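By written order: A, B, C and D. Residues from 1 in each chain.
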């Protein structure tokens, strides 16, 4: 079992400079902590609550920036794609393609992503049970790509609220692929602020630690130098100045969790 | 206020002959009942539970059949689209474009559908609150298309279960667009049979009548000559031989509901 | 099948005079509408959100008032009991004993209520599935009392919210006892105001009509001359001045529903 | 901060001999692990799914056995009470009174329990939000008893299912009382087997570890020498032979959690 990986970065690629700065800081944190960090960044927010919200730079203009981040920091880069056509294009410049939760049942997208041969991080839909992910993962592996992570990010719980069912982690692990816990979107309050989504940043360190104590492969945790002024997901991103301390804490729990697998009954 | 419309038909377009036969029978039912029926048919099931499930005939091959159904029966035709590119193509042969629930937050799809100028039936995501549909509808109207229906089809309620919150109907009506109640997918049990979705057909007439009694514009109700052998949504489709009786019942309640709007408190 | 009964009255017995006045008005409404009204009144609110909330007059002092209401109006009286000991005492002065939803699994309370021989209205717990009510009803009938109603009042749906699943009505009817729909507590927002429960009175006429269209035996609908100043459940009680119009509307739908049972599939 | 306490024992007091044997084994486990164990045992299962299920020995006959267990093992004893009258009686022979989740809003029961001066473990209702426990705890402290624990045991999540929201632990801790995590009932499937409740014992070690990693005061974990033949809660009790290993694992995570409180953001 490998030590905990972090999938981290700001929600959106805001600019070339912003991307280079934040990724450089995360690279240094990863070196100090001795852990793998995958840089997460989005070229397009295709499913914002409201049409008037900022969407992002777009795929074409993001590709050279993704490549530059990868080159200058040496960090693998992850981005999320929204159409089958984007998969092969994005795959030119990134290491991991991410399937958004709302799109976790779209067969063509899953297959197109799989066919790039890149690693795939597929989010569990808010409307799916953990055992439903078996079929989702099989759409990817069935397309010839065994390199897939299953990512928990909360289940619908009444209106404008998600709940993280920790049972989902061992259930998804039993599918046979590495499990990622998305601490950022698990505390999202979808649509909870009328024209945008709210969030409960303060619970990120709690949910992440609970998940890590069960032995997950990776934690997804968005971070931003100034979350309260970020164009998206600000209420649930971690301030970058706290990232290292939270990650260090999680790595301690990860070491104990990986050394002591939970007893099977 | 106009009398109740039905959006009806088998889940999938199975073949030219199947489509012509079922639509002809529905046309006759509509004439006997004196009500508007919109023929619902899908060229592709893009989000099946499992990759090995039947997908459908495809858009290209379906277009002439859609046109032939429209011409021979005179019924308006509705189909669901899954990518922005499909919108303009499907719009050549159908009257209503439907946005699937999982895709109800995909801005590009909503805008592309809106720009065809066709009527749009947008399903409420299983993960959305009824008031969240305001932003969804605004993405369509904001793209210049005022002809949009908001469709209730159940909210996630624990795992593999949906619940129909009847409060959603007046809440969505207050957005200002006609409200559709999808009785078929509201009784779906998503993923509930492992590699396919289950359903509770027996509750369709109950939920449909409850919704109609509150004064909805349309009921969406899939029907099939032999649901138990249909390639998709069999467990929640109504046998075609019962369709007329159920529709007649709903029209009675519709007349009373439209004559007596619910008192505002 | 008998026509629709109403279980109505203010949440609490506030005073002898208040009880006599409201019950007299409801008696007149029942006579004008030609329908049965059961007068609902509570001597104790034993499970208020906060300990500092008003509890009520108490059982001993309420008994003569219950008797006087019954005598002067001729209306049957219903009250809710909270301990096994209260059952026989309350039974001296009322016609129907009601089991609160939170207590729907307390075997001793159910048996003691059953043994009074009075009619029993048992609320479905917010934490129960409709099919779980089979065991609840069996506890009462098994104690020798066949005169039991099963009452839907919403299921927990995330935090501080309830949802009314209309499928619960036919499911509970299949147990073999009359079904009551509690429109008042189905729109409660438990604990939703911090130290008290909120509510959405505006949805009472919607949910009640949806339920009545499916053919229930009775609607439970609290009403008050001045709900906004009532000591409990104010946000979800109907103003008394609107009660007659809402009830008349429901009776119209009831006639149609009873004349046309929902088709069994 | 004190090290982790366990509240453990079989669901029911089955017999004097059974109680003495199991408590003696738990006492030895506690000594080997160097941790506090509170012996949990019930004299009556007052809210069984079905009336025909075994109820237990009863309060009167249990009192001397409780006293003997306490005396011979030195373990504090906890039992759950269901009526206000039982509180003072049970308090003669036990150290902790437990309020069942269904009864967490019954003011008289909370006050009567509080007035015994014993420690009170109050379960959070399946229908309550974590912040609602503030009012529940205040009913006890307001009656003059500051010695109260708030216990998470799952929230209703659809039908026949509970979900453990780990956010509930820090939210309840902020009320100012020690927090207990009930790993046994969090994996209950209420009513899920028709005439009895099911359970998912295999998730107990997962949920318990996740909760402990967040720094709870105690874990509630029922255990039985032969759970599959136990008269109640068998599907979610831990086999006694595995108890020590699971507890030892949790104590390791507890040490790390208490040494590193979760960062406040």
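The criterion applied here is as follows: contacts are C-beta pairs under 8 Å (C-beta built on N, C-alpha and C of every residue); 3 or more make two chains touch, one makes a residue touch a chain.
Quick caveat, the model's predicted, so the values are computed rather than measured.
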| item | value |
| --- | --- |
| Common touching chains of chain D and chain C | A, B |
| Same-site or different-site touching of chain A by its copy chain B, using the half cut | same |
| Centroid spacing, where centroids are CA-atom means, of chain A and chain D in whole angstrom | 36 |
| Length of the line joining the C-alpha centres of chain A and chain B, rounded to whole Å | 33 |
| Gap in Å, rounded to a whole number, between the CA centres of chain D and chain B | 48 |
| Touching two or more other chains - residue numbers and ranges from chain A | 155, 157, 159 |
| Arrangement of touching chains [line / ring / star / complete / other] | complete |
| Complex interface listing, chain D residues touching chain A | 155, 157, 163-167, 169-170, 187, 200-207, 209-214, 238-239, 242, 245-246, 249, 252-253, 256, 260, 262-265 |
| Residues on chain A engaged by chain C in the complex (per definition of touch) | 157-159, 161 |
| Residues of chain C defined as touching chain D within the complex | 46-52, 55, 82-84, 102-103, 105-108, 110-111, 125-132, 135, 138-139, 142-143, 155-156, 159-160, 190-191, 195 |
